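Look for chain A in each of the two complexes below; its partner is chain B in the first and chain C in the second.
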Partner chain A sequence: RVSSDGKPPKFQPPPKPVIIDRKTQKEERRFLSPEFIPPRGRTAPLKYYIERKDMIQRRKVFNIPEFYVGHVLAVTTADPYASDKSKRFVGICIQRGGKGLGATFVLRNVIEDQGVEICYELYSPRIQAIEVLKLEKRLDENLMYLRDALPEYSTFDVNMKPVPRMDHEEIPVNKLQVRMKPKPWSKRWERPKYNIKGIKFELPEHKMKAAQKWSQPWLEFDMLREYDTSKIEAKIWKELSEELEK
Partner chain B sequence: MMPIWTKSGEKRPVTLLKVQDCHVLRYVSKEESGGKTAKLLVGGKNVSPFSKPESAHEIFKEAGVPRKQKVTTFNVTDDAIIKPGTPLYAAHFRPGQFVDVTAKTIGKGFQGVMKRWGFKGQPASHGQTKTHRRPGAISTNKAAKVYRGKKMPGKMGNIYRTSFGLKVWRINTKHDIIYVNGSVPGHTNCLVKVRDSKLPTYKDCNKNPPFPTFFADGDEELPEDLFDEEMFQFTDPSVTFA
Partner chain C sequence: STTGACQAIQKLTRVRVVDNSALGNTPYHRPPKCIHVYNKTGVGKVGDKILLAIKGEKKKALIVGHKMPGPTMTPRFDSNNVVLIEDNGNPIGTRIKTPIPCTLRRREGEFSKVLAIARNFV
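Now for the complex of A and B:
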């Protein structure tokens, strides 16, 4: 290499390597509570808009945390007949139902060998606090089969301390396979219509094969049943985040 | 329909009714109509004028208003007469009032006697030959005829029915929506007639309603939402019992 002056070329240190931290650059996870998504129907969209305004209003005053089916929650409600005027119930969330203001979630726990399920309304003014004690998704969206599972899978300590969470990403999925009580069950959970992945079926092979007789493999190709909510969700998420920032 | 909570934490179901382009169309005096009071013709929701002949548009042209889907009559006293062409808004009603709602029920088509009139039918087994949902006997021996009005199978639904004494919980003046307690006859998005309640218990319940109606260009500036006193508003903190 020929230098412009007579001097030897100046030492150019090599460029420093740029470390791109892929973890922090991961897209922020957006959670839209399922009761905001309007169901398919002939109701005017104005009704859902008005309902959403009320839901956002309630969320501004009272914090409803993000939770899924399978989380362990503690709910304190106001009760005129209790001595402290408030009741606290700890349980695992089995199902989340309803849309709009009437959205509900069912908490299950086994207290003194008696299974107890309580259905709470998310937007009821009687609820004073909802704390998420343990964050953990399960393999299914509906854990109703816990009624027929051994009671140890539904027992949670009433005075459980909230499990501390490290990151604000990646809710862990518990791939627990639950063992069941002997049949008869409240529903035939081995049938493909329930599509349950979280049970360890100890039934004989021929019974599992016989259950597949009720499978409806054409359902997943049925175009009339498709309900694509991605665009609706994006719009509602934008509206929600704008309103909650105010 | 939507849930609503009271201040003591009880849940009530509520129906949302939207007041869409309501205008007063014509005033019919007591002598002209032949009834006991004067009548006001009111029209609802706007609709395209091209599906009906010009002769049907006369009422709307006089009032200066686009063609309406539904026209109803209200019996009105002489001091409550409104000029034809004035728009009517949801603020005509106030929270705490009681209201009667009339609409055509959902049509069920030709239905049998068990669904239409609630007959018990016959048992499913124990020797019944081809008789499980039939009416059975239709008259006695002595009568030797079937009485007029005998309950029999026929077209069910699609008739006007009224729910009486429904409480108004909330009024949204921006979108003209009335929140009415309980359920209302008719399918979703059907046209409905809302009237002050005629029940004797609610005769003195309407304290100072906007009389004869709420005028938008008047001096009164109403807030966007009017709530009933007993209703829990979402701006308040959670309910606690002291």
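Now for the complex of A and C:
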């Protein structure tokens, strides 16, 4: 370029390259399975330590993938009474309960117009494989209301192919509002104690207002119910990552 | 208003007949109800025989699934399912479309004919 002065143009350094370090970004999101966090109580921490060692042993042999409530899973179990000695069940995870080695998760599916739910134990030696078919979080942590919802929301194809995972970063949240069968339901889901956001309530206004009578707004300020798990989680995460690298 | 279905099967529970027999599928103004459970306790679980009152007649039936949660790894159904049976154990229907728990295969001797007409196993 020819400048007006006749001198060479001022040296402009090239722009600095922006390094996107994918590896460190991956490690930022850590998932600690909820059954590792010990419940609040007065039992000796030694019991949980020994249980965690057994859980890590099992995880080294068998891979338990990361999953949340709302994912569609396919579980193959060993069954002496089934043809081919193994059984495959596909379903949506509605609940994850239990702590330690007794951690369970319930899968629900509707087969031939019949709703079936099976409660599996995560660390049972009978489980041969767990595959995550669809990665999707829902608005609630407990999808028990699917029992009173229309059956189309619980049907999943048994031969569904696993949906490929897009990013290694975020799990999409499905903001689906489920439509329910007419009342009576197994539980009164409109009450604030269940705090359900994933249902499209088609009840009249006065019923919704009447349900708010059972709300307990003082509960969120109750200090004795607080259980801060951040430090415990950080400790357990360190322990886990050390053991699994060995 | 009706009460919600009972969890395990006992006297006076309304059940759902699952095979394709004529008795089970023709509509009647009263639902089929259990009147007796052939068990030491009066509570019937999967694999127990019960006496059913259908269309004004008494018929024996086999429980193939109930709403009550059982041991882990066993399926829990959304309705109390039952298969109509004769006194000697022969099923009356010819086909069972709804899924049946694999735990029934343990008693292959008594229920071989029922398992033979079943299509899906869960």
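One rule holds in what follows: the second predicted complex is superposed on the first by the 219 of 246 C-alpha atoms of A that agree within 3 Å, B and C clash if a C-alpha of one lies under 4 Å from a C-alpha of the other, contacts with A are read in each partner's own complex, and residues count from 1 in each chain.
Here is the rule we use: contacts are C-beta pairs under 8 Å (C-beta built on N, C-alpha and C of every residue); 3 or more make two chains touch, one makes a residue touch a chain.
Quick caveat: nothing in here was measured; it's all calculated off a predicted structure.
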Partners on chain A (chain B, chain C) - clash or fit: fit
Spatial angle chain C-chain A-chain B, Cα centroids [nearest 10 degrees]: 70
First, second, both or neither for A:A211, with chain B first and chain C second: neither
Which of chain B and chain C A:R126 touches, first, second, both or neither: both
Touched partner set for A:F89, first chain B, second chain C, both or neither: second
First (chain B), second (chain C), both or neither touched by A:L46: first
First, second, both or neither for A:Q114, with chain B first and chain C second: second
Contacts of A:L139 with chain B and chain C, given as first, second, both or neither: neither
Partner chain(s) touched by A:P184 [first = chain B, second = chain C, both, neither]: second
Partner chain in contact with A:R147 - chain B first, chain C second, else both or neither: second
Contacts of A:G100 with chain B and chain C, given as first, second, both or neither: first
Minimum C-alpha spacing, chains overlaid - chain B and chain C, in Å: 10
Contact residues common to both interfaces of chain A (with chain B and with chain C): 79, 121, 124, 126
Residue ranges of chain C in contact with chain A within the complex: 1, 4, 65, 69, 72-79, 81, 97-99, 102-103, 105-106, 120-122
Of chain B, residues touching chain A in the complex: 2-3, 5, 9, 11, 16, 18, 172, 175, 177, 188-189, 232, 234-242
Sites on chain A touched by chain C in the complex: 77, 79, 81-83, 87, 89, 104, 111-121, 124, 126, 147, 184, 186
Complex interface listing, chain A residues touching chain B: 41-44, 46-47, 50-51, 54, 57-58, 61-62, 78-80, 85-86, 100-102, 121, 123-128
